[in-house]
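Chain IDs A, B and C follow the sequence of writing; residue 1 opens each chain.
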Amino acid sequence: MRYLPNSPAERAAMLEATGHRSIEELFEQIPERLRLRGQLDLPGPLSEPEILEFFRQAAGESSREYFTLLGAGAYSHYRPVTIDALLSRGEFFTAYTPYQAELAQGTLQAMFEFQTLITQLTGMEVSNASLYDGSTATTEAVLMALRITGREKVVVARALHPEYRQVLATYVRHQGIEVREVAYAPSGQVDLSGLEAALPPETAAVVIQSPNFFGALEPVRQIAELAHQRGALLIVSITEPLSLGIVQPPREADIVCGEAQSFGVPVAFGGPYVGFLACRDKFLRQMPGRLVGQTTDSEGRRGFVLTLATREQHIRREKATSNICTNQSLCALAATIYLCLLGKKGLKALAEQNLAKAHYAAAQLRTVRGVAAPFSAPFFNEFVVKVPGEADELLAALREEKIIGGLDLGRFYPELQNHLLVCATETVSRAAIDRMRAVYQRFQVSGSSKSPAAEIQSASVGHN
Amino acid sequence: MYPQEFLYTKDHEWIRVDENIGTIGITDHAQKELGDIVFVELPKAGDHVTAKESFGTVESVKAVSEIYSPVDGDVIAVNPKIQASPELLNADPHGDAWLIRVRLADRGDVEGLMTAEEYEAYISQEKAH
Amino acid sequence: MENRIRHARTHITRNEDLVFERTSPGKSGVALPPLDVPSVPADQILGSDFHRDEIEGFPEVSELDVIRHFTRLSTWNYGVDTGLYPLGSCTMKYNPRVNEVVARLEGLASDHPYAPEALAQGCLRVLHETARCLAEITGMDAVSLQPAAGAQGELTGILMIRACLADRGDPRKFILIPDSAHGTNPASATISGYEVRNIKSNAQGCVDLGELDRALTGDVAGLMLTNPNTLGIFEAQIAEICELVHSRGGLVYMDGANMNALVGVARPADFGVDVMHLNLHKTFTTPHGGGGPGSGPVAVKRFLEPYLPTPVVEKTKEGTYRLDHNRPKSVGRVRAFYGNFGMAVRALAYILANGPAGLRQTTEDAVLNANYVMARLKDLYDLPYDQPCMHECVFSDRRQAARGVRTMDIAKRLIDYGFHPYTTAFPLIVSGALMIEPTESAGKTELDEFIEAMRSIAEEIEEDPQFVLKAPYSTRVSRLDEATAARKPILRWKA
């Protein structure tokens, strides 16, 4: 087997040195009745060309030929080729966690740079070296707030990503924590009066997303005031942090967390991604996850180490701040490289391009009779439209044009049937947006897959 | 080596009792085992401590240890130097780096604690394992 | 001291500034394509409350600057590609290159998780097939690839135990964990709402049946154990252990971190294990990446299948694939979307490359390599449990400690010989542990060089322990001041 570096002669020599007569003897410590008889029923072995063929076939059965207007927590952005060129260096991707700092200064310095970039983007004072993804980062932020305040109630915006809310529920189910949801207003943002009414005195945290699941930017300052009045912390989760290129970070928040996948990490059917979590200095000791700190060696040279490890599972065990053992180092490295390539001006320019594409798409769609834009809040690169007729029929028609037109919100919000969440990043061409509009236009004229005559007939017999 | 006027616990805390005031710290043995101390978590004045229960933690780079109270009592003072300079615990654990002072609920509480000789015998026995 | 060091060492270059220190205004590393739609005035669209100007302190460097900066940083790292990486319990094995190519194929790297199922058949097929192979390897009946890492897999497993017992009327209160366990075990149990009870290992470093019997009160939900255990020793009484736990109404969770000793040789389902997790970044070659991403799928017996995280990938009668979200007994979600799909691709590629015979050979080589190292070092380093090991062996620094040299010091000196250290000071039940896992990705030549290095260091300790105490000498930085890093943390660059 080509991955194995020993020849039969070498194996025999090593076996002899162990004093055993056969490999089977080495497995004698496993009781005989527990040992596998025969072989596993698995495919292979395949040669390299056969492996490539297998996966190429799978890759063919995908949406790679389509323009995708899906966001909803995972964003399609162009990945500069420099990223993979650097990630492919064996010293980066085949290295372990940097516990032996002298042999891992490359990873450690890169993570220190990641932490710095995240603080610059979010306006917070300290960041960790990444967490699994946005959904668990948001959950970890809540657990942090519970520890810091010693309280047991959490208020969460309904406009926070539905799957993020599900993950939070899973994690707090057995900890006696009460989670309340607060609705969204007609603007698409958190309903502020609803929030005020919903905030019990013993609230540990208020959790919002901005831009939220509908793409709307949240009024962070007002929400922070309400939360802080009650002694609660404000947690802001950001699933599309590219927005921070032209949108003010939530400086009034206590913890800013979210998903950094937009920064050079492939969409890859949902993972691996990279969560981030940043907060004010005073909460440092309650932060989960790995932290890289700057220090000096015995000669006074600057170096980097994992630090404040005593918060973590391998030391605290059952008293740990979290059970997390890993960060997403290689994905965080991809994000670091991506942000360095874009730089101050590139990040702003790319954010402006996203803003332009989404606002062009929204404007174009709104010119079609029967299309409504239900939410009035400002948005970055995602927005909601109410479509004329049935969303699934419209989406099917768009697919025939090789366009995946958005997410049917009825899937997560029963009150939003026939509403689509549409995301237009720099990867969606004007031509595709115009084709999309043309489909909407065709569709709207007939109103459904039925002909206009049939529609009138069904309307007259009282069908809805 | 170990001050005669202190009494000692199996968890490596020491206490010096004057009238009904106890001054509590960790022993030289404890600070050696922990290594470079980086952070100490202590209660506030006014808090209550309970015999054999944890009242705080001492952290080194690689380990965390609970600190257990030898007695029941109310905290009347917390050493102000410790938070800013946890390394004091490595330098002078029996003197400058006392941790808290408590008013004892019951002076009889200290029965059952070890003398300096008993403690030294105890730790040399531990080392042998 | 004469120079006995012959092995290749990592490249040492000059100091490398932080990217923020190399910044120069006006530079950029990308050129964006021109905008094909009208640009919009951000300050007006967003309003002054929301609009942000440029980010203070953000880097401005060219593409070449980025290439050089990160290339230079990489030369300070040691990876599996560089040489033997004997970290116990981490399984630092070869990361096949074809895995990286297939994971990057467009269509696998670019599909959106909410793409219509009809257009995601390739991705769903990969998830389904990977799950099937992992089920076959473990002997279990169902697998979820949702957990993002081993620790999350553990959490998921314990949550499922809880859900199942709650369904039966009583979730109970305690989880039993051996004192040799990895730190994630008790942490995961606590988050699931259980209290942890530690059980002491016996003189062989294994679970003591008598202790277990006494600890199994009626309010114990289950036992979490690692097999082979963290000493690299197989729990020979595993079947009896599972029977005992089951007889008291509890369930058995197995931490699959050490599967590299078992693939193709034995299956945890046959031991009586009810639920377990796997570490794709250990046994199944997905790269460690400097600390992640990993992947920690859970595998369960049929009776636990209803509790798996939502959604579950299913194959329909017509042979297509779909996501089943209708799972009323599920423990819920442990993360958004479906798991670290990119890692499933790599693991599947590894399984396909090997086939059943290759996987078995891999396991045999891993176990042989560890026993070879043990046999050739046991005369110089103390072996607390002198019996055949599986894929890793554990020494203690007792002999060297008598000269004032501990396991961490020996590890630092090993760096000078051109190797990455083994795992120091774990498991906690061995005083001054040296945990060595060569994996199958170690040829005899390299193992002999490693053994020679360890033997040489043992000699150095006899001759001149002070010299060893100040190691390493050959790295870019000498021992770093971790105490100050913790006392006065500097966690970001500031202008």
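Please note the rule applied: contacts are C-beta pairs under 8 Å (C-beta built on N, C-alpha and C of every residue); 3 or more make two chains touch, one makes a residue touch a chain.
Keep in mind that this is a model prediction, so the values were computed, not measured.
K.L.:
Which chain wins if you rank chains by how close their C-alpha centre is to the centre of all protein C-alpha atoms?
P.N.:
Located nearest the centre of all protein C-alpha atoms is chain C.
K.L.:
Relative to subunit A, which chain has the most distant C-alpha mean position?
P.N.:
If we average the C-alpha coordinates per chain, B ends up farthest from subunit A.
K.L.:
Could you put a whole-Å number on the gap between the CA centroids of subunit B and subunit C?
P.N.:
Once rounded, the distance between the two centres reads 38 Å.
K.L.:
Can you check how far apart subunit A and subunit B are, centre to centre, with Cα atoms defining each centre and the answer in Å?
P.N.:
Going by mean C-alpha positions, subunit A sits 46 Å from subunit B.
K.L.:
Take the average of all CA coordinates in subunit A, do the same for subunit C, and state the distance between these two points in whole angstrom.
P.N.:
Distance between chain centres, rounded to whole Å: 21 Å.
K.L.:
For subunit B, what residues touch not just one other chain but two or more?
P.N.:
38-39, 59-62
K.L.:
What are the residues of subunit A that contact at least two other chains?
P.N.:
Subunit A, residues with two or more chain partners: 310, 315-316.
K.L.:
Would you please write down the residue numbers of subunit C that are in contact with two or more other chains?
P.N.:
As it turns out, subunit C has residues touching two or more other chains at 482, 486.
K.L.:
What part of subunit B is in contact with subunit A in the complex they form?
P.N.:
38-39, 59-64
K.L.:
Which residues of subunit C touch subunit B once you look at their complex with the stated criterion?
P.N.:
Answer in residue numbers: 425, 482-483, 486-487.
K.L.:
Could you pull out which subunit A residues touch subunit B in their complex?
P.N.:
285, 309-310, 315-316, 319
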